[in-house]
Every structure is written in C-alpha cells, then in structure tokens.
Amino acid sequence: MEILNALVALSNFVLIPAIAYGSQLALGALGVTLIYGILRFSNFAHGDTMAFGAMITVLVTWWMQSHGIHLGPLPTALLALPFGILGCMALVLVTDRAVYRFYREQKAKPVILVIVSMGVMFIMNGLVRFIIGPNDQNFADGTRFLISARDFKKMTGLDEGLAIKTTQALTVVVAVICVALLFWFLNRTRTGKSMRAYSDNEDLALLSGINPERVVMYTWLIVAALATTAGVLYGLDKSFKPFVYFQLLLPIFASAIVGGLGSPLGAIAGGFVIAFSEVTVTYAWKKVLGYLAPEGMSPDGLLQLLSTDYKFAVSFVILLIVLLFKPTGLFKGKAV
Amino acid sequence: MTETVKNTALFLGVAVLVVITGFMQSWNSAILIVNMGLISAIMAIGVNLQWGFAGLFNVGVMGFVALGGLAVVLVAEPLSPEAWSAGGFGIVLALLLGAATVVAAVLVSRHMPKGRGRNLAMLAVLVLGFVLYRAVFDPNVMAVEAINPAAAGNIGGLGLPVLLAWPAGGLLAAGAAWLIGKTALGLRSDYLAIATLGIAEIIIAVMKNEDWLARGVKNVIGLPRPVPYEIDLQNDAGFVESAASLGIDPVTASTLYVKLGYSVLFMVVLLVLLWMAQMALKSPWGRMMRAIRDNEVAAEAMGKDVTRRHLQIFVLGSAVCGIAGAMMTTLDGQLTPGTYQPLRFTFLIWVMVIVGGSGNNFGAVLGAMLIWFLWVQVEPLGLFLMQVITSGMAEGSALKSHLIDSAAHMRLLTMGIILLLVLRFSPRGLIPEK
Amino acid sequence: MSDNPYQDGRGNKDASITNTKGMGTMTPAHRKSGPTTKVDGGPFLIGDTMTGGYGKGPDILHECTIAVNPGEIAVIVGPNGAGKSTAMKAVFGMLDVRSGSVRLDGEDITKLTPQDRVVKGMGFVPQTNNIFTSMTVEENLEMGAFIRRDDIRETMEQVYDLFPILREKRYQAAGELSGGQRQQVAVGRALMTKPKVLMLDEPTAGVSPIVMDELFDRIIEVSRTGLPILMVEQNAKQALAIADKGYVLVQGRNAFTGTGKELLEDPEVRKSFLGG
C-alpha cells in the first residue's frame, strides 16, 4: 500500500508533469532541429514563432467561444489550432520571402543568419506584444481533469490522489500524432526524403534535381505547424504569456543540442531528458520518500535538490554533462 | 567625403539628437540618455572585442552585466559583522566544499581508467559532495537571512568606495567568463553560444534566489554613490548661489549636476577602455586575433594556440561588460535582479554592435549611443504616431485604446526592423571595419 | 575577410548555432540558365575549345577540347594540377567558360546551370561527397531519380543487377559502406536519372587496386549499354587501357589526344606521364 501510494505520488507530481512538459519541449526542439538541419542555423526567433502561432490560436479560440462554438469536454483551442497553424505558416513564409531568402541567394554564412534571426525575434516579439499585450491570457476551457485527485482516491482507496489534467493527456496524444506524422513524412514521402537529402549534402541534392527553395518552403511549413502546436499545448497546460515563450528558448535549444542537433529523434529524446531532469531535480521528494521510508524514519526536510527557480540551470547543467561526454549529443547530431 | 569626416558627422548627428531631446523634452532626460548611452557603449565595446575581433558568439551579455551589478553590492555595501558571525563563514565554507567536490570529480574523471568504475566513482563523489554542501550551506543561509530580513538578511559588502566596485565587477565577470570559456571552448567543437545563453540565465536565477547574497528579488536599494546627493547640493548655499547665477532653479541644477558628474566619470572610463581596445586592435596581439579570425587553419598551422587566444579575448570582453554592469548599478543606485531581461541586456547590445559596425570600436560606440537613443525615444514617438493614426477614430473605440496602449511595444519592433535593415543594406555597419 | 560581407562569418564555428556539415560549396558558373541553341553534327557530348576559369579568376583552361560518343569511354589524364577535373567541371557548368562551347546531343548548353544540365541528361559523379551518407542505399538511388516522374523500379533493378552488393545492402545507411561500395552507390545514383552521358570525376580515388579493377569492370559494363562515359582518372595506365579515347592535359591545354591504345604506345606520353 505504501509503495503504491509512493508510486502514485511520484506519477502525480513527477512523471505526468514531466511527460507533458517533455512532449512540449520535444515539439519545440523538433522545429529548432529541422531549421538547424536544413537552413543550417539556430533560429533564435523560434520561441516567438511559437508565441505567434499560439496567439493566433488564442484569438480564434476567443472568437469561437464568443460565438458559442465549443468542443465539449475538449478545449476549444483544439478547433482553433488549424487556424493558428495557418497564420503561423503565413508569417514564416512571409518572413522567409522578405528576410531569409536574400541571404540564401548571397550564400551567407550561417552565423549571419543567426544574427538575422535575432532581428526577426525582436520583430515577432514586438508583434505579439503589440497585438495581444504582454500579459497572461486564459483560453483553456472544456473539462479540466481527465481524472481528478478526489475521484482517484475514491476509486482506489489510496491516500494519494492522482490527477491527470485534460490538457496533459491531450498534450501527449497530440505530440505522439505530430511526431508520427513527421517521421512518416521524413522517411516515407518523396518530399520528406528530399529534405533529408538536402540536409545531408546540399550539392548532391542540387545535382539530383532537388529544388532547394521547395525544400526550404516545406521546412518552414512543418516548423510553423510544430511550433504552433507546441505553443498551444504549452499555453493550455500552463498559460499563454509572450515572455514565457521567449524564455522557453533555452530549454528548447538545450533539448535539441542534448539530443544531437539536426537529429529529429534526438530532439524528442532531448526534450524528455531535459523535462525529466528539470522536474525531478526541483521536486520536493519528502512525500514520496515519506511513504517508502520505514516508520519513524521519514525525512524532515523537503528533500528538494534545488528550488524551482533553478529549472533553467538544470537544463543547462544536463546540457554541459552530455556535451562533455558525448560532444555530438545523444543521437549523434548527424543531419536530419 | 573622407572617412574621418563621415564618421565625425555620424557622431555629431547623434549629439544633435541628444541636444534636440534637451530642448524638446528636458535636459535631465537628455543627460540620462547620454549616461546610459555611455554605459551601453562600454558593453558594446566588450561584445565587439569578442564578436568583432575574434568571431566569438556571446549571447550571455546579460549575465556578465548582472555580475558587475552584484559586485557593486559586494564591494560598496557596508560591512555586516553580524551576518558574518551568524553564518557568512559557513556559507563560504559550503561554497568551498562545493568547489572541492567539482574539482574532485574532475580529478576522478582525469585519473581513473574509463569505464563503469569511473562513472560510479564520479557519481559517488558528486552525490556525497552535494549532500555535504547542502548540510553546511542550508543552516548558515537560514541564519544569515534571519538577520533583519526586512532591510538586510544578506552578508553585506566590504564597505569600500563604490568606484572600486567597477574594476571588481570586471574581475567577477572575467572569473565567470574564464570558467565558461574553459568548458565551452575546450569542447571538440565550440558551444559558446548555448553556454553563454544558459549561464546568463543561471546567473540571474542565482541572484534572484540567493537572498543571503544580495537580497534576491527583495532588491538592494540606496547603494553608495560616487557623486554627491541632490538634497545635499540643494542645502549647500554656495551651490544654490552659483545655480542662481546661471539662471537655473536649485532643484534642476542639482539633478543636472549629479547626472553630469556621472557623465564625466563614465566618459573617462569609456575613453580609457576605448583607447585600450584600439591599442589592442593595433598591437601584434590584435593582429594575430584577426588573423585567427580570418583564417584559423593557417593560424593554427603557424603554431598559434587558437583556443587559448579565444579564451583570452572572451574573458577580456566579458570583463568589459562586467565593468559596464557595475557602472549601471551604480548609476541606478540599486540592484534589482528582476529587471535583467535578455532582450534588453543581451540582444540589444548585439543590435548596437551590428548597427555600429562589428570589428570597429568607434562603430560599436556610435551604434550604442544611437540605438540607446532610439530605444528610449521610440516609445514616445510610437505613442505620438498612434495618436496621429487613431485621431480619426471614434473616442473610446476598442481599437483606438488598444493601439494607444500597445504603442509601448513599438520599441522591440523598431529594433528588429533597424537590425534587419542594417544587416541587409549595410552589412558591415555604419562605421565598417578597416 | 571575404569580399561579400554576407559571407563574412568572422571565423565563427560555433556548433550550437551553425551547421556547416553538408553545406553547399558548389560554385556554378551561371546562377540562372541562359538560352540553348540547336546545332547540328559533331560528337554526342563535346566541350569545344573551352577557355575559362573560376569566377573572376584567371583562365585555367586554354582552348581545351573534350568529346565522347555513345558506346565510348573517354578518359582525361594528366599530371597533378593539369586541370583534369577542371575540364570536366567546365563541361558540367561549374566553370565560367569564356570562349568555346559545350554541346550535348545537338544542343548548345554552354549557358545552362549544372542542375539544368542534369535535366538535359548529364549524369555527374563528383569526386568527394558523392553520396547521401545518412540515407540508405535505396534512398540514395531514389534521390538520384528525383527529377523523374515515371516508374523508377526498373532502373533500380538494373542498378542492382550491375552492382549486386548494393541490393544486399539496400537498407543500410550509405555512410556505413566501404570506399568501393560508396563509389558504386555514387555511380548508381547518377545512373538513376537515366542519363544520356555519364561523367565520373576520379571514381577510383582512395580505393585499393583490387577494388579499382572491379570498378573499372563495372564501368566497362555500363559503357556496353551504349552510355557514353567521360572520366577523369589519376591512374592513367589502367584508365587508358579501358579507354576508347584519351585526352592528356597539361596546364589546361590538350597535350595529346588519341585512342587509349595509341596513347599507351606513344613513347612521349609514356615517358612523361606513364613513368616509362
């Protein structure tokens, strides 16, 4: 019984939040890694791309809510997501046409593109704040819990409750679908393969008749879809605040690098590694260990390794450790 | 038009902008712009050393600036013997233990043969070290933070003159940079960008959370100043008299006097650093730096230790940013860790360097002054613009109030557009590298 | 510093923000294709009295002529730095041809980009980086056939028949193969476009003599199908032995031209290039 209680507490406070957060990071890191693999630079504007897509979704959700369109137990945002994705796609394509393409024609060094992406970051950041403001926005609706802690206790008779938020379950389901689609696309379709080929060897791809501009366009479209989805899921799970998305850049970069930049599989693994370490290191283990330790030996302190404010620090330390031992990341940062 | 004439004209242009501000708004805000512009110029020189001279991508400027700010508290705050006797020494001991743990782990990894044994030994050292560290650290921190938490609760400073904090800030930043550079530049391929991005966030997190150090988000206010206080000047009969003879009221005169005092101090530091940076650029060391940047393979073949040179310039550039950070905290008179934002303290400095002209110290200075001016002035300009745009709209319409409320965010948008325009049409910046 | 400010990366090689692996290094002579004109007669593929160099640089080729006809193997040999690869690159549109012309199958293609030459039927196998290392052998072949919209299975079978080892390793990443096998993938990839002419830039560079002989056998086999082959080779003797036509280049000029046999027997050629 005690062990079961410990297990439930562990799932409730560590496993489930970490899985949800990991899925969000993985989706974000996939976008970063695709851009890195194919456009060959780290996109500093990625966090703000996520924020922009999520913002469009929030606006459409509000509009739907005001017109009485609902999705029953599921959040309305799910219905608005395709619109957010379309909006984000339009934004990144316009950005690519107006900004990045010129540098490709000039055969600019990737590091120049990184600086360019800083400029884009400023603009997108300003744009989002300009349209929706810098504050927290609530757009979640539908049933809050799949299983609430009280129901779980009643059902199982355990002391510990297990709560699964609808958004958490949704995050995982949507992330799995996205990742499956992405891998199917990259490994099974002609266009997907041409993207991998371009990332692997640009010259040979050209000689094989692959049109770089098409590859780049598809990459942006996929990245926009991934970024918006990640942004909306994060917003539903936590809350939508433009600045938070900008701050997500660090754990997302860390995930992509830990996994091995340019490797989609690595991005997913990296996302979960970072999420699990952040959550475990900043979780107060008193409760779980309280169940496991023998009578009278339960710990006095909170048993929290680090305060939650250090979660960025955790992603970075993990990053350093991985780089010290495996400089190319867990999945050998080979090209996409 | 020769280059010198063009560059002088550019600097004069910025000066004219400041003068216009003085006449249109107030001289107080004009001098405030100059002061922060001077500080920004120093930060830009630091980043320019790294990016312009050596091609190192530092996106953690914020962290070094914040460390400079921390140095001000640690140097200039009055001594707090109480805190030291309560737990200050314990904290130092704990930190030493922590450092010893890391050193021990590194030693284990260096000297034991590869394999599971080494990994386990390292893990054991780290876990044991961490437990020990926390056991010493936590009670002492509690003791320190319990002392007068409403006004202090930290270990205080050394009670030294605040001007000493400026070089100290540089040293602190240099130390941190050395650690980062040692790890990130030593890896097989360099990972400096992500390392600096991460470290900057960590530094801010530490400063926000470790209340014993500098009170965290409770902020340290009323830091000592290198210039007189306005109120003292206003009470000084001589000062009031000379103000009156210039036809300025004593309150305005005192604020202007104080700000100008800062301007002079900052200008001196800027000129010294600029002179040093120029000397470095022209010295054999600077020439070698650029040779490495332009052709690393050839430089390496000539026997240059590239990693070492990169580490040197990274530490130097970061130290300059630290000095600027200390100056900024001194100017503010307070340390507020909550206000450090990467957009403002890292990426804006990058905009300054790129717009001014990477690789050219004068360009960095010009870019800093110009961009800082715009950063400050775009907000009122944006508001004005929005008022013009919305003037035709119905009073109280939702769109109108939204547009006017949002004008404040024009600033980020403008910075992005400026950066992109310069990168596109004048990629070498306003004053290109020679 | 680079002349183009956009290409000035200040020597930055930060792997956390930039990815230089697999980046394009090709410097095509034309960024956009110009017009082609019909011409009659002459060999199937000919680089006719080509003079030119890279970008704005000095001339490297001087009135150099190279031609190949169906069923033939033409080999370009010569000492190091003679401009062998350069001559082939000129035919492929990677070199600014300032005078002279390149004609393929009765069409003047001098102003086409390399990509458009591929569409016109040139199969090109670069000397290095000539496979997609992270993709499987089969995917490499599929990418070779990217410009085709018809059924590629038949061609793929032909390639597998020609290089049986590739059929065995079809699901393995091409980067994991040995040097000789990689070259087979590279040639196979080029064959997938069903080219009208195959151009090989030092296909035996860096492989052992045994593998080299095997590769040459395969190349002869390809040539028997009627596909003209133009090849640059470092191993002059072995290459001339299988060549129908040989071009000896010296400092970007045609020094000797003849059938492979003639050149092998020419005392002057033997003395200066074949080591007696």
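Letters are used for the chains, namely A, B and C, taken in the order the chains are written, and counting of residues starts over at 1 for each.
Criterion: a contact is a pair of C-beta atoms (placed from the backbone, for glycine too) under 8 Å apart; a residue touches a chain by one contact, two chains touch by 3 or more.
Protein names from UniProt, one per chain: C = ABC transporter ATP-binding protein.
In this text, all values refer to a predicted model and were calculated from it rather than measured experimentally.
Chemist: Centre of all protein Cα atoms: which chain's centre is nearest to it?
Modeler: A
Chemist: Have a look at A-B versus B-C and report the one with more C-beta pairs in contact.
Modeler: Higher contact count goes to A-B.
Chemist: Taking the mean of the C-alpha atoms as each chain's centre, how many Å separate subunit A from subunit C?
Modeler: Computed from C-alpha means, the inter-chain centre distance equals 44 Å.
Chemist: When the centre of a chain is set as the mean of its C-alpha atoms, what distance in Å lies between subunit B and subunit C?
Modeler: About 55 Å separates the centre of subunit B from that of subunit C.
Chemist: Averaging only over C-alpha atoms, locate the centres of subunit A and subunit B and give their separation in whole Å.
Modeler: Their C-alpha centroids are separated by 30 Å.
Chemist: By the touch rule stated above, which residues of subunit B touch at least two different other chains?
Modeler: Each of 55, 57, 189, 191, 193-195, 427 in subunit B touches at least two other chains.
Chemist: At least two other chains touched by the same residue of subunit A: list those residues.
Modeler: In subunit A, the residues touching two or more other chains are 42, 111-112, 114, 253, 257.
Chemist: Give me the residues of subunit C that touch two or more other chains.
Modeler: 6, 8-10, 12, 14-17
Chemist: Using the touch rule from the top, collect the residues of subunit A that touch subunit C in their complex.
Modeler: My answer: residues 36-37, 40-42, 103, 106-112, 114, 190, 193-194, 196-197, 199-210, 253, 257, 261-262, 334-336.
Chemist: Name, in rising order, each residue of subunit B that touches subunit A in their complex.
Modeler: Spelled out, the residues of subunit B in touch with subunit A are 55, 57, 130, 138, 183, 187-189, 191, 193-195, 197-199, 201-202, 205-206, 208-209, 342-343, 347, 350-351, 354, 405-406, 409-417, 419-420, 423-424, 427.
Chemist: Show which residues of subunit C lie in contact with subunit B when the two form their complex.
Modeler: 1, 5-6, 8-17
Chemist: Residues of subunit C touching subunit A in their complex?
Modeler: Its residues touching subunit A are 4, 6-10, 12, 14-26, 114-115, 118-119, 124, 126, 129-135, 139, 142-144, 146-147, 189, 193.
Chemist: Could you pull out which subunit B residues touch subunit C in their complex?
Modeler: Those in contact with subunit C are residues 51-52, 54-57, 189-195, 292-296, 358-359, 427-428, 433.
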